[in-house]
Amino acid sequence: MSRKKLRSDMGWSTADRIVVRGHDLVDLIGNVSLGDFAFLELKGRLPTAEESRVFNAITITLVEHGMTPSTIAARLTYLGAPEALQGAVAAGLLGMGDRFGGPAEEVARMLQEALEEAGEKADLQALAEGIVARQVEAKRPIPGLGHPVHKPVDPRTPRLFEVAAANGFSGRYVELIQVVAEQASRVLGRKLTVNATGAIGAIASELGFPWQICRGLAVMARAVGLVGHLQEEQADPLAGEIWARVEDESSEHLRES
Amino acid sequence: MSRKKLRSDMGWSTADRIVVRGHDLVDLIGNVSLGDFAFLELKGRLPTAEESRVFNAITITLVEHGMTPSTIAARLTYLGAPEALQGAVAAGLLGMGDRFGGPAEEVARMLQEALEEAGEKADLQALAEGIVARQVEAKRPIPGLGHPVHKPVDPRTPRLFEVAAANGFSGRYVELIQVVAEQASRVLGRKLTVNATGAIGAIASELGFPWQICRGLAVMARAVGLVGHLQEEQADPLAGEIWARVEDESSEHLRES
Amino acid sequence: MSRKKLRSDMGWSTADRIVVRGHDLVDLIGNVSLGDFAFLELKGRLPTAEESRVFNAITITLVEHGMTPSTIAARLTYLGAPEALQGAVAAGLLGMGDRFGGPAEEVARMLQEALEEAGEKADLQALAEGIVARQVEAKRPIPGLGHPVHKPVDPRTPRLFEVAAANGFSGRYVELIQVVAEQASRVLGRKLTVNATGAIGAIASELGFPWQICRGLAVMARAVGLVGHLQEEQADPLAGEIWARVEDESSEHLRES
Amino acid sequence: MSRKKLRSDMGWSTADRIVVRGHDLVDLIGNVSLGDFAFLELKGRLPTAEESRVFNAITITLVEHGMTPSTIAARLTYLGAPEALQGAVAAGLLGMGDRFGGPAEEVARMLQEALEEAGEKADLQALAEGIVARQVEAKRPIPGLGHPVHKPVDPRTPRLFEVAAANGFSGRYVELIQVVAEQASRVLGRKLTVNATGAIGAIASELGFPWQICRGLAVMARAVGLVGHLQEEQADPLAGEIWARVEDESSEHLRES
């Protein structure tokens, strides 16, 4: 009982050929980098030199953030299941949700919906006013602005914008997030600047990625970082020590009673 | 009650600085590709031009294999939890175990243990004889040889070896896996060639990756491919159709009774 | 640099004692069932006989739904990683998101927020009118009503309500979801009845579970079902056949061109 | 291109009926507990009263172990992805691998393979001597014996064996693991006793569970415990504090340099 033909354009193979997104894989091996291959996966074509520089810039920014909940969870998981490194990476990725992987998606959505609705010639200042007013009214922070650690300026942001501009990807999305930051600073009465997530959400939009997949950029990049952490954990394990300390301290009040 | 100092060299940051493996991230953005950044994560230093070509060659080979159990599982998961793309990627990665992600690790282990034990001047033919004999005795297939689809020759293998050789990474590991293939063909009486996994396990060993992390190369690469599949699933969902067909057929015998 | 004392009341142990939620585990073994132990985990006390019947009734309803995206994903994952059954269960659980695990949470939230806001003596008809009007205005379905397969009446619902009533757990939440169903039927002009998820969300609220954990009831129950499916998959594997069919069909158009 | 008929006996449904393992679900709701339902899932029939007591005894023993790597990983994951509780449970389960979920499987395998090979009338002392000799020769610990914390006697073990005996499930598997413990103590020259995992592996074998699914018993039970921990984390979060401490300490040496 077939209702719909199953159909995928990602890849296929025969005995002597492997094709990825229309390219013979053998032609790509040795000529295309991992980042450009990721672009091919998502866009169905290889990037131009400019697209490559910008896409690789945003993905490397997402790889490594030191000891985060995600990397600690991966290390703890590896302690329990050393037979299945894939499980430890998966556990780490599961923390890339609304709080860590979601914000780039949220920024891209905010910018894409605003510009799509308003059309090409929209007044960015008016759009920014609308965005800020809506968030303030809903008592929600404005996605892509401010950072608990990197303040007043997230050092990644000017560099990401610089790379985007130098390669022709500093358009309306990048402009809008900056106008939003200025408007938010005025309304909230304190200096708010675009953080790395805000820059990435805007630049991913410039590259034409739909907002729905932007969380995926963070997820694929973080997978790289997690493998790095697990290699370090293999050589010098920390998970056992973290476990022992947390277990001891968290049950201290019960032992004493 | 601290027993061991927690210590990681992966990355750290202050208000105005983010450091990854000793490099200021801002210096890398716009200059380093995702593949080279992955090398940095794992090696603690950026690759040479030659290392970069070889490392990117093996990682892109692992990204996309079309509709596999892993990508189908990711699509089915996304159907149930569209709020959490990270979960769908994680579900897909969880299938990169002993059968799909493990073989590269197994090849690297086989080669590294053989050469480490036997020393630099080991006779490769003797090593290959030992390896084949042990696997045959244990009635286990020899890792890295043969392929159910790509036969008699896996088209990726000669290209991977060519790229490795052109960049100075065709050494003892690459030689050994080839001698193993010849020896296995002799002993088993049928032509066995090195498959892509065999080539990758050997080349990863040439690049100095410990076998324990080789499964991680497959996992990080596959994360990229899974995001590609999920983007396609967002645009043109197949999971519902797969579900309906499997559910109907698998319970048919119960409905009829 | 400790900012907050870590503290958990779930469980702790010494050389000769294991304590779970204040109970010596050894006293529970042989006397307490898995369902009642789950209640203890969540409530910090063992259930009464009535609570036990109602809690077990809602959890068993959530265990097994046949071949769903979740169980198919678990089977496909097991094919790739037979060394790590935990990964296959995890992959299956990852599909218990907004579409399959979330609705019970959504119902419980809708009912709990409505009754909490309106107070004990609230007029249920007025609350139901507000709920239905809000959902209709937002063009969103009303959680807990209707079912694509089990119509006009979900056979689990009357039984769940019967068990709840027989044990003294048919209060304001159960009444409200039923009034919501009647109101929705009136407004939308077609008969809508409470589905099993709606009943479970209401009864979990009667048992005093905060809505935030209700998705967890589905998740723990489904873990049981997934282990059942994986045992069947071990004995009679289907994943390989599903893979082969999906791969063949989905790339047919590419092979032909 | 269908090669094999897809077929599952777990469950199915029509508009007015839901059937699980041959039972109408509506008949089970209110009459069957979660533990007995789990038995039904795995065995295809409801347990006897004796089986129920023994099966519930082993599963509740596996639910809660306080602050373990698994529960800490789940809490850290929830911090990053509060929208997807299922992901946090999955992350916690992923740590139930060779080190924490695997041992019950290993014990069951050891006992089942020994008794299957040797037949019904096998001399248990001879079997135990063989088992201990093989493990000692391979320099591997004997599964199911000893415990880092619960020594000299794991308090769960005598109680589990007592419940098994009282219900008629103290047969050759239970006897064998005890003879193995005595033999190991003699050979290794120190008192080794059966731990809870050893008891569970033996009793699961008495209940007729194939060793391949025994890890699944730990996984399903732990899912219950993880939901308990996540409810506590929702009310009183610890993950942020753990993150802050680990991040600070682990990068201290880099900040100072």
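Residue numbering begins at 1 within each chain, and the chains themselves are lettered A, B, C and D in the order written.
Just so it is clear, a residue touches a chain if its C-beta (ideal position, glycine included) is under 8 Å from a C-beta of that chain, and two chains touch if they have at least 3 such contacts.
Everything quoted here is computed from the prediction, not taken from an experiment.
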Query = Looking at CA centres, what chain is most distant from chain B?
reply = C
Which listed pair, B-D, A-D or A-C, duplicates the contacts of B-C in over half of its pairs = A-D
Note = Per the C-alpha means, the centres of chain A and chain D lie apart by a whole-Å value of 37
Key: Gap in Å, rounded to a whole number, between the CA centres of chain D and chain B   = 31
Ask   = Using CA atom averages as chain centres, what separation in Å is found between chain C and chain D?
value = 23
Key: In chain B, residues with contacts to at least two other chains   = 6-9, 11-12, 14, 66-67, 81, 83-84, 86-87, 90-91, 94-97, 101, 238, 242, 246, 250-251
Inquiry  = Quick check: in the complex, which residue numbers of chain B touch chain D?
reply    = 5-9, 11-12, 14, 19, 81, 83-84, 86-87, 90, 94, 246, 249-255
Inquiry  = Taking the touch rule as given, give the residues of chain D at its contact with chain A in the complex, in rising order.
reply    = 66-70, 72-73, 76-77, 79-84, 87-88, 90-91, 94-102, 238-239, 242-243, 246-247, 250-251
Query = For the complex, which residues does chain B have touching chain A?
reply = 1-4, 6-18, 20-21, 25-26, 28-30, 32-38, 41-42, 52-53, 56-57, 59-61, 63-67, 71, 84-87, 89-91, 93-97, 101, 149-151, 153, 155-156, 159-160, 162-163, 166, 210, 212-213, 215-217, 219-221, 223-232, 234, 236, 238, 241-242, 244-245, 248
